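Shared between the two complexes below is chain A, which has chain B as its partner in the first and chain C in the second.
After this line comes the complex of A and B, so read on.
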């Protein structure tokens, strides 16, 4: 654990000192927009390339990878800014997905007394399943809010005690939590045991916008997923560059000193943990509707570890790097590039990052480019640090 | 009376570091708290701000009972601790360090100007990563960061520790200037000579107890202080060298 505490969790130099904060200059603000615009342009460009190449079916995996990237970006916030590690983000993803899946596929028609007014309130709906059976299920929107509530309650129960202690208690608590959730999902008939759940209906967000894996709406869903990822990135970026972000960085830098500055460090850590758990759960809900089902492997420890590896590989506090690295690697994984070595690749990645580039591979790479004069980092001109 | 401490006891596990200390600081004063290593000075300060839970006794800041409150609350009681060993945020810029200090102060940008006027060095280095500052500059930053919260009471823990003699002088001059800004200071130090020069009153602590208190001028001539902290021998001493 000693190596870890001086290694990636401590994230030496990984935190980007954003000089352009609330009162930043106009030039600073424009510079901050560069990744936003770049991302917004890369998304349709990638679509165009795939279309020209005749491999538009790859958009399906890109869509799934974008939902995973939301999980990893939230984890990057927790690891890079609050200095805490969660080894249970797969469980939060699964909690969101499974809550939605159960509520939208389970037949509640036996509870006649209650379902009547719930249908009136648009919380439940009568529909047919794939085989034409009449069902009364919860609507996707209501299930979404229920899923978020379940994830938040679980997050509070784990985070509240674990984050009051200093050290890696959150990592241990979330690891245990993930294992318990995975066992419960496999052991319960309600969640379809080892098969998981399928037949999850499509989610009509609004007329003309539907979360579904059907081929006619593939393009639409690709833009929806990437759009959500972009919104998450912009929101987190704004959070990080404000007073809240400074408080988070100070907690990471020295918790006792931050406490002496009047920052309620325990409350902040809990809030960030809950925010990142909420992002994981929300991604799980979207993912489940998109793939029309979810399986117990989503809650597995290996999945959670994969998220940690990806967040570390992206440079943790560098949220753009985290999003792009996780988008790319999850895409390759979903396309089956790594074959049977899939989990081994992410394990090896984590080991390599911890031992070779604790601040993430992007930082040394940027430093190398800077040395060769190929790329000037906007921030270096501000501080003049080595 | 801005700070009143009565019979404070605190410690770590079964070890009692402060055994019933009582002291007070009046508004506008600079009060020194002297003592050797391990006398319990730092523990006392920690208990004052809530970094250490007092076992018993009472702490009143501006008349309000504050013992048992979490550390982050103390800033809203207008009390800020400048911790031992500076504890600046080494990976953040000087400017960010100051802004974190003004976390609870809505006018933090205006306050930062005042801090820059007091410490022009910090303005020059505002974009620099704080960990790359010299020891003296880091101490200035730690004090400046504390001033960002506009405290009434500033608690300084060993501000001269690890600084070059010239820098020590500068830091103490800064502390003396706090009076002009209307900031009351409780100064915990091992450097008795310098502390007694800037302080109005002082307390001497030994093995967790306050053994002596008085005006700084009187204490400077007190035999006990002279012998133990100023490295001088008593006049009525028998002339035999004392063992250190």
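After this line comes the complex of A and C, so read on.
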């Protein structure tokens, strides 16, 4: 068993030298666009297939899986590039979702003094709930920003001290944070205790674009979720290929050396942690509006472990692989493909993928395509199995 | 009952639970020392121990059932290492940890299908549900003494094994310096299998003695693994006696918070203390800073 120098939870072998490969030449840049175009083409294609097959209702689970994939992809950046692990990302997802859910369903009409000008500033709105009661609640956009603020404050509170910890100790600290958040959510009446919250209103992003689980807007929500996932992937890919990415790579290769070269490794680690926490919280907000509610199981330790497992199975630093594996496995779970054996299949697949393809299933797939001469790609040839 | 008696009652219940966490933490440490892997399936060994013993107890006397359960689960532990982890020599430690997550899910689901979702338990070893012993004003079940006694004996025996027998010393050599141990003719791979077997057997024993008190359920493994992980971290990874202290501390904290706070928040206090300890001492209470530790964390 290989001993690692900087951290057990770091994916040393998996880091790719894509900075040099893709950044420089025009051909390299074009090659970098292949997955983006491929993804952008696969999304409508999948829709078409489902439509022809008459199973368009599957889009609902695909949409949910796409939001989960955003969390896992952010975690892939943290694990694969910054070499840090977080067993508390379920908590960030839940913090985002619950903040939105509380603010958009709690009736603030008792606070007469404040609600007046807040309504004028479009931060609050008077509306009816499902049972026709008159409520004054925060608007979804304002709740979104509040949720992100809550997640960032929590991220700083836990991230700043925790990122001084190494390996298993960091894993435990983030796990502990997640458990505390989960317990507080279950224990508080404001957050609906064990039942969670429901009746979260739809979120009108702009006229004609609504985040909601209603059937008439199912297709646009599918494209919205996949579009967001694509934007996140492109954003993370650019981050990885920027100055920040090079700094992260140097942290990976040798933290002390990076430090002595004047790279503030602690600051970079915190930034990446906050970025991935923000992605998780944002995904939580969208998810909560989409499913019109959120329950305490979203914050549970098992959810967080599942995110980490999915990120590892996808190949961590291979963000495309992470997104695809997470989309696929979460989709199968949400659709209940394997019935009562769902968890068992998930566990078995996890063992199989990690045992057979530790760098993620995309690497062997690309190698196979290359052997057949179907696809030439400079990235994959640089990659050694860890 | 006075306040002092009540405090003693809570302390005793904390120590009982804490001793189980300590066993999980020792199991973590055994495997961690030998392989560097954090075996997140550790809690499942406790569950399996209880389940197998409950089934065996239908056919054979209780002591035989417990011994049989320990034996079966030890074999399961060895088999896991032999069939899975031994086959993945080039995998990074992180990947192996993720594999243990997969193993834990598979074991849990397999037990759900082998047994069912019902809560089971072994009979009380002596007496029954209502019999109690009065100790310094606190009433305790005789089973608590069984738990504390069995675990104390097991931990002391393990300590003696690691310290005074040739095999035990060889195991410690593997964790201190695998290359040197290999040069000295120690079969590292077998030692790793042994470490999995030992920690599985120890977990199964704990699962049997705790079964009458906390019941055995197919989902009980994960929470135990989390608490045991917390105990191992609190005591400092790679330090078995630290694990005992960490386990007792987590158990007592939990008992105190149950008595002082609403039930829904019962784990919050333990984990807040854990976080504070980690922020002040990043390598656990009894752990050595990374430069001096036996194995890098």
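Convention: the second predicted complex is superposed on the first by the 319 of 386 C-alpha atoms of A that agree within 3 Å, B and C clash if a C-alpha of one lies under 4 Å from a C-alpha of the other, contacts with A are read in each partner's own complex, and residues count from 1 in each chain.
In this section, a contact is a pair of C-beta atoms (placed from the backbone, for glycine too) under 8 Å apart; a residue touches a chain by one contact, two chains touch by 3 or more.
Predicted model, so just to flag it, every value in this text is computed and none were measured.
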| item | value |
| --- | --- |
| Chain A residues touched by each partner, larger count belonging to chain B or chain C | C |
| Partner chain(s) touched by A:372 [first = chain B, second = chain C, both, neither] | neither |
| Contacts of A:258 with chain B and chain C, given as first, second, both or neither | first |
| First, second, both or neither for A:249, with chain B first and chain C second | first |
| First (chain B), second (chain C), both or neither touched by A:179 | second |
| First (chain B), second (chain C), both or neither touched by A:354 | second |
| Common interface residues of chain A - those touching chain B in one complex and chain C in the other | 12-13, 385 |
| Contact set on chain A toward chain C in their complex | 1-5, 8-13, 79, 85, 158, 161-162, 164-169, 171-173, 175-177, 179-180, 183-184, 186-187, 193, 301-302, 305, 308-309, 312-313, 340-341, 343-344, 346-351, 354-355, 358, 385-386 |
| Chain A residues touching chain B - in the complex, by the definition given at the top | 12-13, 15, 17-19, 21, 23, 243, 246-247, 249-250, 252-254, 256-265, 382-385 |
| Complex contacts: residues of chain C adjacent to chain A | 35-38, 40, 84-85, 87-99, 101-106, 108-110, 113, 222, 226, 229-230, 233, 237, 262, 264-268, 271-272, 274-275, 278-279, 282-284, 290, 296-297 |
| Complex contacts: residues of chain B adjacent to chain A | 49, 51, 70-76, 80-81, 83, 87-93, 95-97, 99-101, 103-104, 109, 127-129, 132, 145, 149 |
